[in-house]
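Listed after this line are the structures, all set down as structure tokens.
Paired with chain B in one complex and with chain C in the other, chain A is shared by the two complexes that follow.
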Partner chain A sequence: MEKDRNSFIFRFLSTLFVILAINFFLPRMMPGDPFSTTSADEVGEEIIVMTEEQRLYYMKYYGLDRPLYEQFSKYMKNLITGDLGRSIYYKMPVRDVIWLHLPWTMLIVMGATAISTISGVVLGTVSAKNRKKGSDRVIMTGMIAFAEIPSFLLGLILLLIFSVYFRLFPLAGAVTPFANYNGPAEQAWDILYHAFLPVLTLSLSQLTGVYLLTRNTLITVTTKDYIRTARAKGMGEKTVWVRHALRNALLPVVTRTGFMIGIMMGGVVLVESVFSYPGIGMTLRSAVINRDYPLIQGILLVIAVSILICNMLVDKIYGKLDPRVRI
Partner chain B sequence: MIKDIAAYGNAGILNFIQALNINRINRIVSSIIKQFSRFSTEGKIGIFGVFCIILMAVFAPLITTYPPQKITGDSLVPPGSGHFLGTDELGMDIWSQICYGARMSLTIGLAVALVSGFGGGAIGILAGYMGGHIDRLLMRVIDVTMALPSFPLLVVISAFLGPSILNVILILVLFSWAKPARIARSQTLSLKQNNYIIAARNYGAKPFYLLWRHIFPEVMPVLFVLVIGISSHAIIAEAGLAFLGLGDPTSKSWGMMLNHATSFRSIYFTPYWQWWLLPPLFMLIFLLLCLAFISRDMERILDPKLKIKKGF
Partner chain C sequence: MRSSLYRVNLVIFLYFYVIPICVVNIPYSDYHVIGKVIHKKRCSVMEKKLFVLFSVFLTALILLSAGCVGKDSAQSEISAEETLAENTAEGSQHVDVVYLSGGDYGYPQPFTIYPRGPGSSKVRMVFDSLVERDEIGIIPWLAESWDVSSNGTEYIFHLREGVIWSDGEPFTANDVKFTFDYEQKNIPISGGIEDGIIDNVQVLDPNTVKFVLSQPASTFLYKLTGFKIIPEHIYKDISDPTSFLDSKAVTGTGPFLLDEYNKEHGTYRFVTNDKFWGPETTVKSVEFIPVSDSLIAFEEGKIDFTGISPDTLDRFKSNSDVRIVQQPAFWGYQFYFNMKKCPELNDSRIRQAFAYAIDRDELVNKIARGAGKAGNMGILPEDHIWYNPNQPKYSFDPEKAGALLTEAGWTDTDGDKIRDKNGKKLSYVLSLSSGEVRIGELIKERLSEVGIDVQVKALESKSRDANIKSGDFQLLISGFGGWGTDADYLRTRYCDTSQLESVSSGAAVYGYHNATLNALGARELQELDDEKRKEIIYDMQIVLANDIPAIPLYYTTSYDAWRISKYDGWMNMYDHHARTHSILSYLERDGIAEKRQH
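Let's look at the complex of A and B:
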């Protein structure tokens, strides 16, 4: 057990270290340095060619003339104090830009997690109960087809159907621009209305995993002796399913939920771009277009660390829930 | 006279084929048919669909009338005569963009899948066979690689390194070799314990012979299923990158078409999306569904008990 925990922490730290290293070395691996730009990408952009003297001055000013290990330790020190640098495009600290957009991402990721977990478990139970009838086959085939469509393509389809063709939902944004709300209820409704399609997209793309897992675990669990015992004791069918079967089948679903959050944090970059939803995914896209390197690095760090933390939490929670894991 | 020569030529070809051992060809053909008939209806549809897309990509110059990257008409012409699927905002033919775009998706999918599938598989087999420190080190590297968030890192790395097909392939390989390596390793570890392999070693079989003759053919089918999974993953990743505007600007891919169409300012308020956005969207989903059908069926054929976990 002790050894297990050590290897687990080692894995967490080494993954974190690799991400930090990529984040640190990538910009430094690029040809040239930030001060030797001689070509303008956009019309009207001013080209400033520095003299060698000025260039050296700025290199010294930003600490780029120091040895790499010194730069790296300074970078780590800044990270620990929460300093992620300044965004070139937004002209404010990267940390503030991320704080501005992270809540939107959290909203849709958490919403999708809740919806896909609950509906996946419900559908999986229905399917497992009727597994010898036609309805199981129908749900199953539909689910599997959904699972294979990547989330951003699914999002595009939903956007085309609901927003463009039927005009039921907004095309972009997280709130109606320049809206005057009569109280918080209306504001909440507006936010939910805008979040509906992104949340639906993410939930649909994750639903199948939960559904299949619940269905398959339930089918294995219901063949166990303690289920037969429960039935023999004269318990109602509902009690057997909910108290005995489902409770045991939900353990793997907990793990799945944690990994799901991780997968969604990765996929959210594309889904937010489809719906122009102002979360960190959309911000990453605009940062890439504007070549805002400090912001790109900051967002990558936030996404990576949140995925790592989710995976770590899953392991911890699973150990608490399932006594068989604790030896 | 001419007829005689033709008849003589035919006879010559026939003799040549007979010399080639017609039985063998027959056997290969019938074994292919036998393998094909083991697939379910869905699997057959999948194979047929992928085959059609391959044909489309290979014969793109023959089935299109316009070059894909030249302005050949007015901008945003609806589908009809002249331009089969209409044109985009620059007046480029959409049907030929679709056909040439198939090349991009297939190339990326195939290249990434083959390199990372078989390369990663080879690494896994070697590590599993040799064991010891190398094996332990490799497992650490695999753990870290699999824990990395692949898509965000892909976006960042290709933003920094610049978009080119080669870069995209390299980065994708870097992120997808770990799974085949891990599965090949665990398969090798369990195969190593089999009696026939121990017997072969006792008869003096060299490691290379053992790996090539006994272990590789056993691991191969599993790797093949993984290769299909990796290729569809790579196709999704390429489309996603291109959709974000990180595709190779010198080539036309389906993801790139999605990017151009969705960045067109008022695409959703005009009917243009019907012929500009739908075709690449439909083709991507069709290709991915076909690949999924094939891999699901192959999993089933290989071993009903074997369950390879899917991950994105």
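Let's look at the complex of A and C:
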């Protein structure tokens, strides 16, 4: 047991080190530097083109003129003390930038994960129970059609329908600008109100995967001997489905949910951009465009760590659900 | 801009994605789990019918929600060519709050704004410079008047009296000197004055300050319009202004105070500074709020001003409450030659052949969908105050291009449709960023017709910029703004003897040398008389248009729309396209400009 735990920690730390090294060197291997922008990124965008003198001054200011190994060891040293460095583009500590934007992404990713998993499982179960009947066909067709709509397009359609035509939801942002709230309940309501469409978009784009997985595993599971045995024992149909079939069918769904959080972190940037939602995805995008090395490192590190943690949690939950794999 | 992007995406999506998948019925079984499921299950006929039905429904839904996709794009070219009927209604000249499209561009002090986007216009709300810009030219601002020594190296500025900082401290000549000295050590993001222009700054008395230049510089006053004066009593204790995000950092003398800034949501609220020395504000408060699509937000009344692209003009044309005005075309794409790497390009006849062979009007029509003006070979766009209308013009003329190439000795000797000379082929790699591929493809097509072979190489924007810097390219396209700024950029970009500043994308990088142009550039920089200087700039445009060191492909035109019942006081600075960036847009126009010095 003790040995297992040690090797587990060792594995975790070595993975982390590899990630840190990649996070550090990869952005610096991209062509260009944070201060050599000469072209706009989109039509009409204004940029401040720095003079060579300005560029050298800022390279020195941020220590980018030092040799790479020196920068790397400094980065590692700072990291141990919990210092993620300072964002070159935003001029703020990286920790603060992440802290400002990550919670918003967490909110919509977590919300979407919960909604898509629950409704996917429910719909999958309904579908599997009514296999080859009308309701199965309708759900199936609808799901497949949804699966292939890119999330930004789905978001745009929802935005046009709900915000522009029906005016039910806000057009953009995560809160009402310059709002004065009477108490936390009102604030929470405002946040949820603004998060509704982004969460819905993200949920819909993830739903089909969960649905198909649940449906198909359930169909496979229901042909197994132990289901027949349970039925033969005279158990109620409900008990058979919930305790025997669903519990077994949920294992791959749990695994998938763990991975999904990582996948969504990547896909969330499109949704954030459609709703101009202040999440970490857009921040990462601008960090990459502007070669903001400390910020790229910081965000990738946070994402990597949260994926590692999710995977760990999945392992634990898996153990709970399936005693055979409990360590 | 973004809404038209979505539209294009929608159309692409419809034609290349939904219709093939839905109508032809899922030919993607090999790449997605759904495909596998259907494949395994061998859907019943009923299911297939349902699927097609649903797909048709979905397509209809997308079409509906996208609005009149077809109609808009069909009319775009027509509406761009039509001249706008002027809205003659009288609008509101005073308003309590104006809402504008927001976004995070950094804390509005000179050291902390972001280099991308309109951060410096936020700084302008709070901080003043010695001189400002209006529709026509440079006007007195913190400096009421100035004297220039006859040799052009000494400027004495007489400062306005009674100006106070927003925290109540008086503004004096010491602040001006302090700003200069401070920015020698701490270079700001924008508004700094490059090394080598100013030798020193002296305080003559609390209201008089003298700038001593290293050598005469005709652009000096223009540069001062961006030079924002910061308060000595606050910044003197700040050793690292780049991390100075305290509310004290935005103590200025300008017409507005920063009331609220929220980085994560990209909101700014500026309110009138009661201690402001100058004209009354006509807009009491300016709020920048986040929008997902500024056009929708404008239609919904969330913001009062927006930029619109020509294909959406029709939506507002009949609205008598909306004023639509074309912006000056100060944003453009440029086509670069690398004469260092490709020595044959030093022959100006080859470069002229490029200018004749590339159909710039076609680029405007097909790529910009009519929202642009074809580039002038004299570089300056038509809307520039010093544009020379009498310069050599290059219309699309493949025959002339071919003749020039033949004259220069380039002919197709081996029948592969690519011209060659002494075994060397006219074959190039054209570097551009992934958003400009269509421009590159059209150019490739046109050039191939005159026997020049081009391979388009799409790069990520920053990589392309790195290539410009290092000179690692053969031909290249880059898009940027600022084409309306002081015409001195003809010198800094195309003269390889720029004495004063270190230029990041100058002629030296790509090996262009023209002694006549260098001489004119040197004269233009020393000439303090505006009329005489204008003559020199006119001559420079003719030299450039004959020699073609680079080809401006087209300048984009955009439109501004605003609700006149809300606020109608918007104005443009003579060198800039954005009305919301001019501080005078928010102020009474009572006579400051009349004190203009000639």
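Operating definition for what follows: the second predicted complex is superposed on the first by the 225 of 327 C-alpha atoms of A that agree within 3 Å, B and C clash if a C-alpha of one lies under 4 Å from a C-alpha of the other, contacts with A are read in each partner's own complex, and residues count from 1 in each chain.
As a working rule, contacts are C-beta pairs under 8 Å (C-beta built on N, C-alpha and C of every residue); 3 or more make two chains touch, one makes a residue touch a chain.
This is a predicted model, so every value here is computed, not measured.
Enquirer: More residues of chain A are touched by which partner: chain B or chain C?
Expert: C
Enquirer: Once the shared chain is lined up, is A:Glu52 touching chain B (first), chain C (second), both, or neither of them?
Expert: A:Glu52 sits against chain C, while chain B stays out of touch.
Enquirer: A:Met265 in the overlay: touching chain B, chain C, both, or neither? Say first, second, both or neither.
Expert: After superposition on chain A, A:Met265 lies in contact with chain B alone.
Enquirer: Touch test for A:Leu100: chain B only (first), chain C only (second), both, or neither?
Expert: Second partner only.
Enquirer: What is the contact status of A:Glu148 with respect to chain B (first) and chain C (second): first, second, both, or neither?
Expert: A:Glu148: touches chain B and chain C.
Enquirer: A:Phe24 contacts which: chain B (first), chain C (second), both, neither?
Expert: A:Phe24 sits against neither chain B nor chain C.
Enquirer: Mind working out whether A:Leu156 is in touch with chain B, chain C, both or neither, as first, second, both or neither?
Expert: Both: A:Leu156 reaches chain B and chain C.
Enquirer: Under the stated touch criterion, which partner chain does A:Phe72 make contact with: chain B (first), chain C (second), both, or neither?
Expert: neither
Enquirer: Once the shared chain is lined up, is A:Leu300 touching chain B (first), chain C (second), both, or neither of them?
Expert: first
Enquirer: Figure out whether A:Thr15 sits in contact with chain B (first) or chain C (second), or with both, or with neither.
Expert: A:Thr15: touches chain B, not chain C.
Enquirer: Residues of chain A that sit at the chain B interface in one complex and at the chain C interface in the other, please.
Expert: 30, 144-145, 148-150, 152-153, 156-157, 159-160, 163-164, 171, 274, 289, 291.
Enquirer: For chain C, which residues count as touching chain A in their complex?
Expert: Going by the criterion above, the answer is residues 1, 6, 9-10, 13, 17, 21, 32-34, 37-38, 46-47, 50-51, 54-55, 58, 61-62, 65-67, 102-103, 106-107, 111-112, 114-120, 187, 189-190, 192, 194-195, 242-243, 245, 260, 263-267, 269, 287, 289-293, 296-297, 300, 302, 307, 331, 433, 435, 460-469, 478-482, 501-505, 556, 558.
Enquirer: Would you mind writing out the residues of chain A in touch with chain B in their complex?
Expert: 11, 14-15, 18-19, 22-23, 26-27, 29-30, 144-145, 148-150, 152-153, 156-157, 159-160, 163-164, 171, 262-263, 265-267, 269-270, 273-274, 284-285, 288-289, 291, 293, 296-297, 299-300, 303-304, 307-308, 311
Enquirer: What does chain A use to touch chain C in their complex?
Expert: It is residues 30-33, 35-55, 57-58, 61, 86, 89-92, 100-101, 104, 137-138, 140-142, 144-145, 147-150, 152-153, 156-157, 159-161, 163-164, 167, 171-175, 177-178, 208-209, 212, 216, 274-276, 278, 289-291 of chain A that touch chain C.
Enquirer: Which of the residues in chain B come into contact with chain A in the complex?
Expert: 140, 143-144, 147-153, 155-157, 159-161, 232, 236, 239-240, 243-246, 258, 262, 268, 273, 277-278, 281, 284-285, 288-289, 292, 296, 311-312
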